[in-house]
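Quick one: structure below, then a few questions.
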């Protein structure tokens, strides 16, 4: 199996989308022969299902609505026997989902296991729909809505047991007589057959992981944007697609950049020779991700978080007190607050934590509790975090240029990232936009 | 009581030193009337006493040698009745110390309480010596070798109970009929009368704390260097004394700068109106420390740590994992390793810890233990940490200039310190010297 | 409200039972005017409902079967409008129960909250049935199937919040226009309206607690036996009803005696003046329980546990080792093993634990783990535990007589119970029957 | 090495004692050839040394006084070269002790290690004295004041490392050319050569342990009483020596009986064939301890603790609450209170703890803290604990007789001890004396 194609949920919204998907898969199938398609739940369905676990009273209605949306698409895109069979499958799944939503309404309770069960319907229905549409369009395709990934029972963020999963997928491939196998992304199941979700990284991660298990040459993540871009096009009018990224660059850009890939997507790719290609359903551009830095690499892209807070915890007592960082970071942990950046400068009189604005209050409450003992003063400032990514940063002339630009914006902190392919700048909130724009110009126009 | 004068140990080494000390105190006494002198143990004595607690078998010999050193100085610097009385006091203390050292040799054991007991003799003897020398030179002085600071029993780093200590000092002042009261620095005693040491910050901290308790206007720290300098004169040939520092600047420079003051020295000074003056026994220059940043303040001084390691802990799992920083910093805590600087850049794929070269192995051992779970890869690099301090950093044109200079040296990280009066640069070891020199030039020559 | 009558589940099995119940309540109502009836779930229903939470696949069938049983009884015992209304209510409850059982089957999961929800149907249905039957027989009765007891959310063993519960019951009484209010025993609800169960002590405890809250004069526990008996009639052919027991005696007999009342039943009765009467639906005898020992009190009853193990943990190290008992008892706690009796004789060389045969292996496993450290040897013996209860034990001649009898059976241990109204004998298993018989003879024939 | 003779401290008080000791050892040496004598510190010395660690200021005086006492005895009992050598050894030890006591006075502190060091002088001096006296009387004896037992560093209650200790003793025996080797009891030393004490069981335990290590046939514990007696002769005028005890009987009697042997004394004797003989220096009688119960064994002795408290912790909540015993016993542990006897009768409504009067308040304070949660009521009663020991208790007619006697004294609890060779009775304080007398009569007169 050479190729895995992952079809995102945001590009499964209407007939036109499916026509494009059909043509894309037809093209890849003609070129590659056998391939695996990993599908997300269709547009908005995962959100609606999450909603069903919260607004329990409405959950049967939400279930009906989701069913109808799938059937409507199916009726337009499939016919004859294909329609009939898929309709039966969707109805069976809808029945099951309806029973579950009805049950949680009766019991007024959703356990983590049941939440994953409910979420599983999104990808399972999408698998039925997509495979039927492909067959209706003359592509020999088979949809297997039972997820092949076997996981532990850590519901909400289940861990894949690779050995068992590989056996499942190998079996599927062995038994399949068609070219295109459609599998659900994002979900797995325990050895006992309970549905789980893989959590962070979603279907992209499923695709690269299956790619690794079947030793694919390429994993294509098909999405609405033409690859990974130099910056968010909404913010930078001249943003362009980046043709190639090393793995390190991709990880650095993945979380903060314009296209939200989860860095975990690249976990299965380390140390194996597999290309990940991010491409658009609608446009031509694409980004190839693989391998390490190359000599010619310069600056690639900008990331920009503009709603952050910088908490400065000041205390002369921090000086020389081994363990004050441990104390403060574990307070953050207990408050469930993700620290985006910590820095304790060499003079040791202060610790600075950058956190998202939404979680700042939870952390402050706890830090206030340390006043009088460890903490002398706490200051909170609005900041932006601007990152620039590219293997070129390893070159002195490039990094000097970048830092000199940043210097003009009065940065609070500057740091290099993993493998020395990124520089991150913490600046006052109001400086963020201009700094990011100036850096973006450097990328685009040199 | 307007003035506290602290006489350091490194400037109590020979007759010439004491002549200068006498003249200095005479001058201040004539100007101020009553004053308190806080004395350290004389040169090398504290180290010798620590040695006595380690080389237990030699400890009585060390005690004898210390006694002889004091008596020799006394015999040269005092005479007649002053000599006689002080000789008696020193002999009494020496007897006591001899008994203690003999006892630890008999028992082959030094508890933390006994260690503090032994260390107390340094300052107690110095108090006897210095006060006798002053009197012999016609200054009305009284030495009180029992420390007035009352502390808890946290031997080795006892905490001062300010209320009780204030009563003691007030009593001493009330009962004293002379102008100059000589008190021991660094040591205290529990309510039960056991000797303790104050740990970090030593006699400087004692001086500023007594200054606070008696509401002094000025605390003069007399030492071998003419104030705090722009950089270590051994490294920067054109280093100069800094005339004034704000408290924030002083704290930032205190630990890393040329003259090693402990930042804790300034703890008692916050929020009260008291000047701390660092001056030389030998030369004219001095540095006045008090108050906050002023408009005219520019760049003040350079700090430079050149034997550091940067540990980069890499893990794609760190991404979004709340608590990985807490885990890693608490490993450092358990290993007893002081983290000089932490930084976790915004992309969250790595944590960087700067630690002293001497403690790096202890930490690495523990981090290796996390491999396979939290930690994917660990890299260690030789680095230097260069800091530049000055309220001027708050001005955009100055910080831009400084950062632009640093940019040329390929910095791994840049951070601002407390109150925005310092910038710290982590650079590769080999860049440290040139960066620090270029920055020092900016301070000295603009 | 003077009187609370609790109608047990084992006496709600057929028409004849209900005829007797109707007559009993009619009688009490005529005599007392207003009264509260607390009802258990009808015979076997609680067990069936527990079964429904275990055999999830069959749970809807079990629900149907329970519904049918209630309707069948109703059809025989009520008619006209009473039948119609109660039938509607039962059907509504059955519907709800059916939905719940169906939901747990769909979700394949029963949380503690849902288990309590399911169990609640037993008492709620019984309330509907019993009140309808009473009305059909001309008694002005009202059934309130929503439990008045407000509890915390400690599902399975919820704690009653007395203040809130009192308000609920006072309201019910104030708003009720009829003489007989039928309320469900055993169950409560949280402030959020979720059903809970009270756990240990069941409906008896509900009855005495409601009695306390409404300051009732009498609580009558109607059951299948004519009061508390001198011994289990199956074992002692001449066993007789005990006319009166002090509270202390009742507590001692409650757990081990012939009629299994839970000692918690008497918790609400302490320090208030309320009689608890245990009586039979079928026979005349009854036992009055209240107050303290009286002068004339002799021996009252026998308890007899014949399937126990005595674990002897031997270690010369136990000697003088403070805390060995703590260690061993906490092992038992962690193993979830209830220690019926511990004794560590004065020579301190051994600890003896009496536990039920069913749990002995779990404890032994853990104690074996202590071998080599704390434990030198472990012996296990089959024992019986025979208790004799009565205020008379406080009289020397009686206790001497009892102990002298026991002496003949080679007792391993003898102990007095709370308030000195019981003596407990640990004997070898084979001695238990004869000892208990001989002691029972003393009670019955003096 | 067939024989170990332990010479107690209470029988080393004056010349007459030593004459008797010399004759005893001469006799055993003539009969056995080689033997090891284990000596305690001479009369009162251990107490005086403990006192020296408490009254630190007087400790050098105490040291002198102890030295003088040994020299005085030596001068009367040895002469010529024997006197001279032993005097030198004692003076050397006294010097060392003097230095230590002087050191603790200087440092005003005694650590556990130093306390053991100080205590070690008692046995070390006794070894010198006793061996010199033996030699002066023509017995070929050698005193080795360095303890042969190697222990861990658990000062105050060090654990013997048997393997290393055996090597030491084997070496001593191999290198010794004389018949009688005198060794110090009670003390050991770490591998680093620091002195330790063995804690509980003292020199008796040292003797039996050395007996075990050298596979001795007999260990003779020479003391002031003619063996173990049926009861305390001060309390029972017709008390007699018991000729033989099984090990089980000895352990039961050891702690509570007239002669205070520590049960730990018998630890080394289990499972090996070694007789322990308790004999008097002054009188003829003796008790042989070894082996198991024999058929002819009847009742052997009485123990009697008359200053005890019975704490009754009452709570209806205890019922069925697994772990309440664990909670209460661990409170006792934390309070440092030794529970002599616990009993939780089968009805589970109460826990009874017997503790010594001296420690009752510490425990009560903690139990009061549980009121409101676990504890409903606490009662404290004055009790006596009377025990009767003898293999005969295994015979039904004997145990029936004993229990029937006890029954007359209104016992609160009766329990059998380890191996079924004792019965313990908890009775009200005022009953203790009569019960113990009546039981003692049964032993003496049948």
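Letters A, B, C and D name the chains as they come in the text, with residue numbers starting at 1 for each one.
Convention: a contact is a pair of C-beta atoms (placed from the backbone, for glycine too) under 8 Å apart; a residue touches a chain by one contact, two chains touch by 3 or more.
Remember, predicted model here, so these are calculated numbers, not experimental data.
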| item | value |
| --- | --- |
| Identity of the chain that, by mean CA position, is farthest from chain D | A |
| Interchain centroid distance [CA atoms averaged], chain A/chain C, Å | 57 |
| Between chain B and chain C, centroid-to-centroid distance (C-alpha), Å | 72 |
| Touching two or more other chains - residues of chain D | none |
| Chain contact graph, described as a line, ring, star, complete graph or other shape | ring |
| All touching chain pairs, where touch follows the definition stated at the start | A-B, A-C, B-D, C-D |
| Interface residues, chain C side, partner chain D - complex | 200, 251-252, 255-256, 262-264, 266-267, 270, 303, 305, 312, 314, 316, 319-320, 322-323, 325-326, 329-330, 332-333, 336-352, 354, 385, 387, 396, 399-404, 406-408, 410-419, 422, 424, 426 |
| Residues of chain D touching chain B in the complex | 99-100, 102-104, 106-109, 111, 113-114, 117 |
